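Take a look at this one; I'll ask things after.
Which chain is which? They are A, B, C and D, in the order written, and residues in each are numbered from 1.
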Amino acid sequence: MSKYSIILGNLGNTCDRFLSSGYKDELPKETLLRQAAEIDGVTGVELVGTWDVTSENVEIVGDLLAKFNLKCVSIIPDHFSQKRWGRGCLAAKDPDIRKQALDYTYECIEMARKLKCETLNVWPGQDGYDYSLQSNLVQERRWLMEQIRELAESAPDIRFALEYKPKEPRNFSFMARASDTLLLAKETGLDNVGVCIDTGHAFVAGENVSESIVILQEYGRRLFHMHFNDNYGSWDDDMIVGSVHFPRYVEMLFWLKETNYDGWYSMDQYPYREDGQGALRESIEFLQMIENKLDDAVMEQIRELLREGNAVKSQRWLRKTFFKL
Amino acid sequence: MSKYSIILGNLGNTCDRFLSSGYKDELPKETLLRQAAEIDGVTGVELVGTWDVTSENVEIVGDLLAKFNLKCVSIIPDHFSQKRWGRGCLAAKDPDIRKQALDYTYECIEMARKLKCETLNVWPGQDGYDYSLQSNLVQERRWLMEQIRELAESAPDIRFALEYKPKEPRNFSFMARASDTLLLAKETGLDNVGVCIDTGHAFVAGENVSESIVILQEYGRRLFHMHFNDNYGSWDDDMIVGSVHFPRYVEMLFWLKETNYDGWYSMDQYPYREDGQGALRESIEFLQMIENKLDDAVMEQIRELLREGNAVKSQRWLRKTFFKL
Amino acid sequence: MSKYSIILGNLGNTCDRFLSSGYKDELPKETLLRQAAEIDGVTGVELVGTWDVTSENVEIVGDLLAKFNLKCVSIIPDHFSQKRWGRGCLAAKDPDIRKQALDYTYECIEMARKLKCETLNVWPGQDGYDYSLQSNLVQERRWLMEQIRELAESAPDIRFALEYKPKEPRNFSFMARASDTLLLAKETGLDNVGVCIDTGHAFVAGENVSESIVILQEYGRRLFHMHFNDNYGSWDDDMIVGSVHFPRYVEMLFWLKETNYDGWYSMDQYPYREDGQGALRESIEFLQMIENKLDDAVMEQIRELLREGNAVKSQRWLRKTFFKL
Amino acid sequence: MSKYSIILGNLGNTCDRFLSSGYKDELPKETLLRQAAEIDGVTGVELVGTWDVTSENVEIVGDLLAKFNLKCVSIIPDHFSQKRWGRGCLAAKDPDIRKQALDYTYECIEMARKLKCETLNVWPGQDGYDYSLQSNLVQERRWLMEQIRELAESAPDIRFALEYKPKEPRNFSFMARASDTLLLAKETGLDNVGVCIDTGHAFVAGENVSESIVILQEYGRRLFHMHFNDNYGSWDDDMIVGSVHFPRYVEMLFWLKETNYDGWYSMDQYPYREDGQGALRESIEFLQMIENKLDDAVMEQIRELLREGNAVKSQRWLRKTFFKL
C-alpha cells in the first residue's frame, strides 16, 4: 500500500469569493492534526505557509507533528494568499515583489529543514495573467524559471515539486499543464526540480491524468508528488475522490505503480460544506479499495488489456473486477 | 427491470468528418437486427430514417422485426443526413425546405404506424445556426414550434419525443437544453409532445441529468424517452455507459424509478472503432447492474440520503453498496 | 441610448478563496458612490444586501444616493455571503433557514421601497447542490418556487428578476439556465417574476445570449434585467466587456433593441486586480460604441443579414461597420 | 505583410458524421486552385494527402500550381482519412500499420520534393485513444516519437511541423498541446522537427495562443507553422477568423512579429455551409486589418502596455486603436 497524506487545511475552514468568512468555524491547529492522525492510513500532512506554518510557529508545529506521529510531507509556500502577491509573486513585474517572493521561499526552505521535510510543493497561483495584452510572456516566464532555479540550486537537499493548474486565481497560469511545467523544470537543469500533479487541475486542463503521469516519468522521472481530488471537468471543484469519475482512477493507480512512483498519495480537497475528516477519509478509502486490487495478477491483466486496446473488454473487465454484480 | 432497446445504426458503420467512409464495413440490415436480438434484455430497436427505414422498405423492415421478435421503439426521422437539410430542416429559412421537412416527417408517421411504433424521436440536428448575426432567432424558433405542433396535432396517436443537444452539427441548436425544449413542447399545447433526454447531450449542456429528469417529469410528465451513453463532458463522445462516470448513473436510475418513468432505456452510442454489439451489451449490463440494486430497501436508503444531504455519507454508501471492498 | 448602471461592490474590494482578505483595500461607501456617479452615462447603481445596504443603514444610503443623483436600480438580497446560508437559503433543507431566508428577503423588499427601487435582483447562489445523491431535486426545487411565489405575491409593486448561473458557489445551481428559470418564473403564475441575464453566466451555460434574450422576451416578456461582463467561456471570470468577445455583443444589443427591452444595462464585474472605476467605464464605453451604431438604417441592415443567414456577409459587415480599416 | 496561404480542401466539400456525403458538391481541383489564387494576398496552398495530392497525380498538381502561380506551402500527409489508420497510424499497435504509415509518409516526402515544398505538416489525428485502459501510454508514445525521428532524420531537407489537437477524431490525441508536442520534437534531437499551432486547437486546449507561440519560440524556435481559424472554445468549430474573438488575435499577431516568426499565416477552416472562398478571404482580411496596424510605433505601444500590465489601459487602447468610435 502506498503512503497516504492530506493537506492540513482541508480539515479546517474553507471560504470562497462570496462567503469570505468561510462555511465553517476555525479549529485549533492541534484539533486539525489530531483529526489527520485519526484517519486510517494517513501518516503525513502537507502544511501551507501562513495558514499552517510560519517561521514563528515552526517549532510548535514540529512538536505537534511529533505528538501525533505525523510526517511533514511537504510545505506549500504561501505564494497566493497575501495581498502583496496579488499581481504576481515569483514572476511579478515589480522587482521588489520578486525579491520578497524569493526571500519568503527561502524562509519556507528553512522551515522545511526544521521539520525534516524534503519537499517544497510550489504552486505559484498568482503568477499568470487575466487579459490579452497584459503580460510580457517572454520576460515573465523567464523570471519564473530563474527564480525556481535560484531556489533549487541553493537547496539541493530539498525537492521542488511544481504544481500546475490552468487557471484560478489568474485566468491563465504560467504553470498551466503537465508538459509546460516539465519544460520549465528541465530548463532549470537541476534534478531536484519536478512536478506535482493535482488530479483535478489535470482534469480541468483536459489531460488524461494517466498520460500526464507517464509523460512526467518518461522524461527523467520528474513526477515528484500527487494531489488527489475529483471534479466535473470544467473547474477545480476539489471534491471527494470517486464522486464523479471511476475508471480514470484505476488507470492512474495502475500507471503510478507501473512507473514505480514512490511518492505520497496526498489528498487535496475543499470540503466547503462537508465534514472535512469524513471527506478525506472517504477519498483515501476509495483509492485504497482500488490499490488493494492491484496485485501482480491484476497488473498483468491490465497490461494485457493495454496491449489489446479493446475498449469493450476493458470496460467489462472493470465492471467485473470492481463492482458487485 | 426496465425495457431496454438500442438504436439500430449503433451496430453498423460509423464515420466522422475525417474518415467519411467510416471505420467499419457496412453490414446487411438483417445482420444488425440479429445482433440486436442477441443482446440479453434488448426487446426493442429505434430506426433512423434513410439509414434504416424508408417508405420503400418499411414492410421488409417490419417482417425482419417480427422475425427477430423486436419492437420498433421509435422512428428517428432523418432530419440531418440529407444535403437538402444542410442549412436547416423543420426551421429552414427556405419555405420550400420547411414544407419538404413537414412532408418527409408525415411519411415517417406513416412508417411508424405500419410498424406499430408509437413514438417519433425528433432530433432536428440541422435546425440552429453557427455564427453571430446569422439567424432570425424569433422567427426561426417560431417556425420550429409551429411545424412540431402541426405534425403532432395531425397525429394524436403518435408521441413526439423531442431530443435536445447543445451543438453539433450546428454550433448552436434551437433545441439545446431540457428546459428550452420543454418550453417548446408546452407551447404546442399538445399532450403528445414531450422530450427525449440523451445523457451525453445533457452532460455537454452542463446539466445534471437527474435534475433534467425531474424538471421534465414535474412539468407535466413530459419525459418521453431516454438515450444512454457516456462522455468526457465537453463533447458528445457517445461512449459505453459507465466508462467515464459512475455515481451520476445511480442517481439517474433512482430518479427515473422515483418519478415513475415507464418508457424505454435506449442505448445511443457511436462505437466508431469498437465491436458495436459488445459496446451496447456492456452498456446495458452496466445499467442493469445498478437497476438490480434498486429494490425497495435501497430506494428508501437513497431517499434518506437525499433528505440528509450529507455528501460524505452518500459517497460512502455508494462505495459500500456497489463496489467489492 | 439605454440606461446604464453598475453594481456598487464592483468598485470596492474583491476577494477569492485563496486571498480571502481581498486584492484591494476597503473604501468608504461614499467614495464608491462618488466613483459610480463619475462614470459618464451611469445613472443608477445596484446594491447588494449586507455588503452595501441593510435595514440599519438604508436611510443613510438613500441620502447618499440622492447626493450623487443616482437611482437604486435593484437590491440584490444577500442570499450567499452569510454563514447561515452555507447549505442553502431559500431552498434550504432546514425549514428554519428557509423561514429566515424569507424574512430576510421581506426586509430587502422594505429597503427597496424606502429607496424607491422597483426591482429585487434575486440570485440564490447557495441554492443547489454539489454531489450526486445530495439533493431531493423535486422537493427542494418546489420550495424554491414556492418561496419566490410567496414573496412576489406579497409585493406586487416589486419586480423580481431571477438571476441564473450554472454553478458557483454550488457545483449545480437550481436556477442554472435561462429556460429553467423562465419555467420557474412562469410557474409562479405572477407577472412580477422574471429573469435577469448575466452575460457571463450565460456564456458559461453554453448559451448564445441573444437567443436567451429572445426566449425570455417571446415567452411573455420576462427579461427583467441585464448584467454585462465577459469571460473565456468556461468560468464566470467577470471581465471587462469586449475583452474576449466582440460579435456576440453586437448581436445582443441588436436583440435587446429589437425586442424592445427597456430595462437597465448594468455592469457586473469582479475587477480583482484592476481599477474598478476604469474597468466599469471601459465596459460601458464599449457597449455604447456598439449602441451608437445601431440607428434605424443599421438595424435594418442587420435584419436583412438575419434574413439571408450568410455568415461570410455578416462577418464582413461586422468588420466594415465597426473596425477602422 | 506576412505570407498568407490556405488549405486547399477548405474550398471544397466538407462533411460531418451526420451528413457524410457533405454539405456541398465536389469541385474540380483546378477550380479550387483558381479560387485560391483569386483571394488577394494568397500566394501559397497546403495540400492534403489523398484528398488533394497523391504519388499518382503529383505532376499534374505541380503543373496546376505553376499555372496559378501558387507555392505548395506544405503537404499534410493523410494520416486520418483511410480506413487502415482507424485504430492508429504512426503509433498504431499493429506493427504492420506502423510500417505502412512510415512508407506512406516517405511517399509524401517525395511528393513534397517534387513540388519544391519544404514542409510536411504532420497531424497524426488517429494516434491516440478513446477509453481508460485502452492504450499502453509509454509504448505507443515512444513509437510515435521514433517514427517521427526516423522520418525527419532521413529527410533533413524537409521541415516537419507537428500539429497538435487535444481531441477529435480520438477522445485523446498523443499530440494534444503545444508543450507536449514540443517535448516530443525536442526528444528527436533533430532541428527539422517543430510544431504547428492551429489557433482553434489551442483554444480548445485552453491555451492562450500567444503564450503557446512564445513557449515554442523560446525553446529553440520550434514554431514552424500557423493555422488560423476561430471557435467558441470547447470544440474545433473551424470558423472564420474574428467571428468569435478579437483581442486574442491582436496579441497573437504581436507575438508572431515580436518573436520574428517568418513562416506562413495559413487559413484552416471547415466552411461546411458557407462559400469557402468568401470565408477564407474574410479571415485573411481580418488578420491583415490587424497586421496593417502593427507598425513600429504600435509595436512599441504594445510593449509598453505589457510592461505595465494594466488591463483597463490595454482594453481601452484596443478599442481606440481598432474600432471606429
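Before moving on, here are some points about what is shown:
We adopt the following convention: a residue touches a chain if its C-beta (ideal position, glycine included) is under 8 Å from a C-beta of that chain, and two chains touch if they have at least 3 such contacts.
This is a predicted model, so every value here is computed, not measured.
Centroid distances from chain D, each centroid being the mean of CA atoms, peak for C. Here B-C and A-B were compared by C-beta pairs in contact; the pair with more is B-C.
Annotation: 40 Å between the Cα-based centres of chain A and chain B. Between the CA-based centres of chain B and chain C the separation comes to 34 Å, rounded to the whole angstrom.
Residue positions of chain A with contacts to 2 or more other chains are 87, 130-132, 167, 206, 232, 234, 240, 243-244, 247-248, 273, 310-311, 315.
Taken together, the chain D residues at the contact with chain B in this complex read 14-23, 80-83, 85-87, 125, 130-132, 167-169, 171, 232, 234-235, 237, 239-240, 243-244, 270, 272-273.
Here chain B touches chain A in the complex through residues 206, 232-234, 240, 242-248, 271, 273-275, 278-279, 282, 285-286, 289, 310-313, 315-316, 319, 321-325, going by the rule given at the top. Residues 87, 93, 129-138, 141-142, 166-167, 172, 176-180, 182-183, 187, 204-208, 210-211, 214-215, 218-219, 247-248, 250-251, 254-255, 258-259, 302-303, 305-311, 314-315, 317-318 of chain D are the ones that touch chain A when the two sit in their complex.
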